[in-house]
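One chain, chain A, links the two complexes that follow: it is found with chain B in the first and with chain C in the second.
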Partner chain A sequence: MSVKIEVIEGGIPHQKIMIGGLVSTLVCLYLTYLNVLTNTEMFAFFGGLAMITALIWGSHTIKVLCSYGIGTGVPSAGMIAFGSGVIAMLLATKFGMAAPIVALVLAAVIGFILGYISNNILNMKIPAMVQALTEMAVVGALSLMGFAALITGGFTFAGLTTGEVSMLGMTVSSNQISFIGGGLIAVAFLLGAIAIQHPFNACLGPGWKQDRMLMLTAECGFLSMIVAAFMSFALISAGSAIISLIIAILGWAYTYNQYICLSKRDAAAWLDAKPIPDMEGL
Partner chain B sequence: MEQIVFGIGITALTGALATIAGSAEDTESNIGSQGDPNSQVQLAPQMGFVHRIFNKAIAGEPPAYGLWCALGAGLAWAFMAMQINAVLAIVLGCVLAVLVQGVYATTAYLGRTASLAKFGQPVYVDILKSMTSVTMAHAFIAIFCTVTLCHLINGALGHPFPLPLLGLIWGIALGAAGSATGNPYYGKERQYQNQKFGAGVPISASGNIVRYAEAGERNSLDNGWFTAKIGGSASGVCFGLIVFLEIWRTILFEKISAGWGAIIVGILMILIFTVIDRYIEVWARKNYGPYTEAKVAS
Partner chain C sequence: MSAVAAKPQAGGAMNPTAMAVGVVMLLIILALCWYVSPGAGLMALVGVIIGGVLIGFGTHFVPVGGAPAAMGQAPGIATGVAMLAAGAGLAGLFGGAWAAEQGLVVATITGGVGGGLMMAITCMMVNFVYVFGMGIPAASGKVLYDPITGDSQKEFKSQGTEGHGLPFVSFVGGVIGGFLAGAGGTIIYLQLLSLYEATLPAVMGLPPAQVIPIAVAAAGMFAVGLFLVNAVLTAYNITGTIEGPHDPKFKRWPRAIVASAVASALCGFVAILIVAI
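Showing the complex of A and B:
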């Protein structure tokens, strides 16, 4: 039914990226509990790092899935990853300490069901579909959790739905100023969904290289972290937000620079204000 | 009565903002060859037609603009929550959203072009520098107008959704309007000016996009200049009408039978537009293009 049009040549095998991504994401998510232990919000940036490692794993999953002509375009894969992940993530926030693990299991179940429906009921018959959709739902759930931790300092349901407004010197609790009530979850959704699909969408073609694509994923992740850190100024203390912002800017500058170097390495030529070169046989 | 007059005033203002946003959005996406004309720009080097056209593929326009507008609105919301003045908050939010857009545009061009190395397509640094800044300028206008109209809907008309969510919804609508209305003009007419008018794109001509200008070689700024005149304004009118009619029917008819009035008027408008669209399509087919002749010949 579908033809595999590209193969992965060289580079790190997908299993390794998957295991590495999963472990480091969970470790980073649990490191945000340092906030609870030390009673600060200084460790919110670990949420951002969790989001970036999850995205690196997810973008490689998209590469595996979209090597088959799935017929819906690469961006749709990012949308379904976060669309299925957001359900698991929201439900898991009710479980306190176990939230990342619950999100992982729930997302895997949702992704597996979606994969089964697309392959067996919609008859898409793509070999990698079930595994890829399962992985991507997990990636979506964990990176949304990372965004939540980065912006609000934690991921308990109460913390995500209530905030504090200071009005005329009084502090009032409000549902409006919060991650979910303020609609920031919609921004996090699209930041992640575009960042996860963009690397493969931008690097696809006969000259695809794994290191270049994964470097681009890290760049997209840090870029999303910069703007998410700006939004976190509204919900966590300014000092903690500045720490996240500095880490994000440093990481972004390094990965962007590296990505340009890798593109220079792979490009046919690097020309400035030159005409179209004469091609042989034309 | 005063409430309705105030509502109609806000409706007119949002409609005007939406028209500017739609027009800027379409010009931006055409300079970046985003959306459906992108496939031909991507294909051209593989068919031997190396070009100097900007190729910035960041998803389709609806998700991309969903992100830019939601991001602008989210940042504006955060700045307003920090007690910053609304006008300043919206401008700052949109500036940051545009920076994200610009970075995505450069990485998309570099990635796509580097992956086409096998076919000899070079990376043009001058294209990267000049086109990215122009798309960023157009994107700023589009995002700023959209976030402002969302703020008006939320603040002045009292819509219950928070600003970022409205940004997401209207951003996707903006991208969809530009993608559906403006892109065919660039993709079918501008890229294939060397083909018979209205003939579509025959397979033999795939990838043979117009690469040379009246003098010298064409780049995407020429495409933006070309499509800004008709494609851009058509997209602007499209998005402006969507926003205007949507809010207009809500303001005037929401009170009738607990909200059902607005829904019924909405359905009526869809029916009226379907009839108008069908009439224009038949009229255009009759007057332009080779469609009828081909049918008679067979």
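Showing the complex of A and C:
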């Protein structure tokens, strides 16, 4: 039995974050379905918001798991989250409208079995292991689905594998210009995996504060969303992509400012060292 | 948080009941796969399991030092198991993917060479930095004499450390581990690729030439996902740092074989379902 070596308590309890994260992720994912109902691509940005809420939930799960000192480094938790999540997400996209629910159930099953393997077969014996790996697989699957919805405007297998390319004024359907066929999924994979593991890795220690870490997660999420919004120019109309990009930049600017404020609040002292010095006489 | 001071007390003990449950789960998944897709699907799943087991076993050879190695207080490469295995395996996977058209044997060996080469370069540069940058010799803390060269280690080990740098046996272990992991990743990719190339045209109702980008990307993503799952599970088995094949922790490999087999079977089965239903 391993000993929980970090005794930082306080903040919102994990159950609340989990339920809130799960519900808001599913709601945001289904809000992208407005694209189909209104026959536009304007609501793709809800996919990005779904991704960010899932990441916030996931980074707190990583905190719960890694408080036990698993000895393998925090990044490994982010890698297994997305490694198991991508497998569940790709199969779930085949189920059309029900894809987010199927991804949730399938990822939970995969995560539960992986948790059993690590806790019992590999003898880790960490109390939070099974639940944490289950949650993490779900987070990985849902946030990848959020990336898919943000970049392509939908989350069905047909939508993720076909795209259109204009050639000499004609529009031709192509599988190369798509989320999966074009390999954009690999970029989304790492954007998410880095965003989920970085916050706890950066904020851990005796000065850990929940609101600061979660704000950093939101900041990392919006930063990933900016990149994904740029990629979405290739697959959805420019107007819709610009909406996503503006929301991502505004969100990033707000969360970055808030994170700096919270860091100053928690710091013992700080000195504005000005990385770019003011030039004299200019 | 001092994760270094308080390692989990997992130890090397085996859990026979859990191992038996794991083998039963493996058989159930194989039976399910046989039910869903008896021919090509089952063959692909067996290939995926072999690849996953190779990754899990190969990762045990890689000298992983973690944070203590970055301070020159433990032997190995100064990063985590998951990062190293992913680096070696993905380098191998990309190498093998280039040779995919040359057939299974050539592509697998190419993938293995890619992974081994990546680890050889990493190990050499790590020793370069240790010896010429930090000014510390390579010395193992787990054995008195290097099992391959027979060199004495004790005189070079600083007091208060577990050894430092990369002794010869760790270097060799790293190359073997990179070879096995790269070959395993390539096998997974090739199995899924040939399955998707054969079945996706019918599933999606498209000519074979058009589905190739989808088949390559989907097989690649599943291979990366499977790779990371296997690498992290092995990292959990090692719990932190390992010096190489001479380390006592190396004896834990049977647990990792069962774990990798079950995890690869589960994830591979999901990957096969995408074309089977």
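Everything below uses one rule, namely that the second predicted complex is superposed on the first by the 269 of 282 C-alpha atoms of A that agree within 3 Å, B and C clash if a C-alpha of one lies under 4 Å from a C-alpha of the other, contacts with A are read in each partner's own complex, and residues count from 1 in each chain.
Just so we're on the same page, a residue touches a chain if its C-beta (ideal position, glycine included) is under 8 Å from a C-beta of that chain, and two chains touch if they have at least 3 such contacts.
Remember, it's a predicted structure, so these values are computed and weren't measured experimentally.
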Which of chain B and chain C A:187 touches, first, second, both or neither: first
Chain B versus chain C as contact partner of A:38, first or second or both or neither: neither
Touching partner for A:175 - first (chain B), second (chain C), both, neither: second
Which of chain B and chain C A:205 touches, first, second, both or neither: both
Contacts of A:227 with chain B and chain C, given as first, second, both or neither: first
First, second, both or neither for A:257, with chain B first and chain C second: neither
Chain B versus chain C as contact partner of A:126, first or second or both or neither: second
Which superposed partner A:75 touches (first chain B, second chain C, both, neither): both
Doubly contacted residues of chain A, that is, touched by chain B and again by chain C: 73, 75, 79, 176, 181-183, 186, 204-206
Touching residues on chain A, where the partner in the complex is chain C: 1-3, 5-6, 67-73, 75-77, 79-80, 82-88, 90-91, 94, 106, 110, 113-114, 116-118, 120-126, 161, 174-176, 178, 180-183, 185-186, 189, 204-206
Contact footprint of chain B on chain A as seen in their complex: 73-75, 78-79, 165, 176-177, 181-184, 186-187, 190-191, 193-194, 197-199, 201-209, 212-213, 216, 219-220, 223-224, 227, 230-235, 256, 259-260, 262-264, 266-277, 279, 281-282
Chain A contact footprint on chain C (complex, rising order): 1-3, 5-11, 13-15, 17-19, 21-22, 25, 66, 79-83, 86, 204, 206, 210-211, 213-214, 217-218, 220-222, 224-229, 231-233, 235-240, 255-256, 258-259, 262-263, 266-267, 270-271, 273-274, 277
Partner chain A, residues of chain B touching it in the complex: 42, 48, 50-52, 57-60, 63-64, 66-67, 70-71, 73-75, 77-79, 81-82, 96-97, 100, 103-104, 107-108, 110-126, 161-168, 211, 216-217
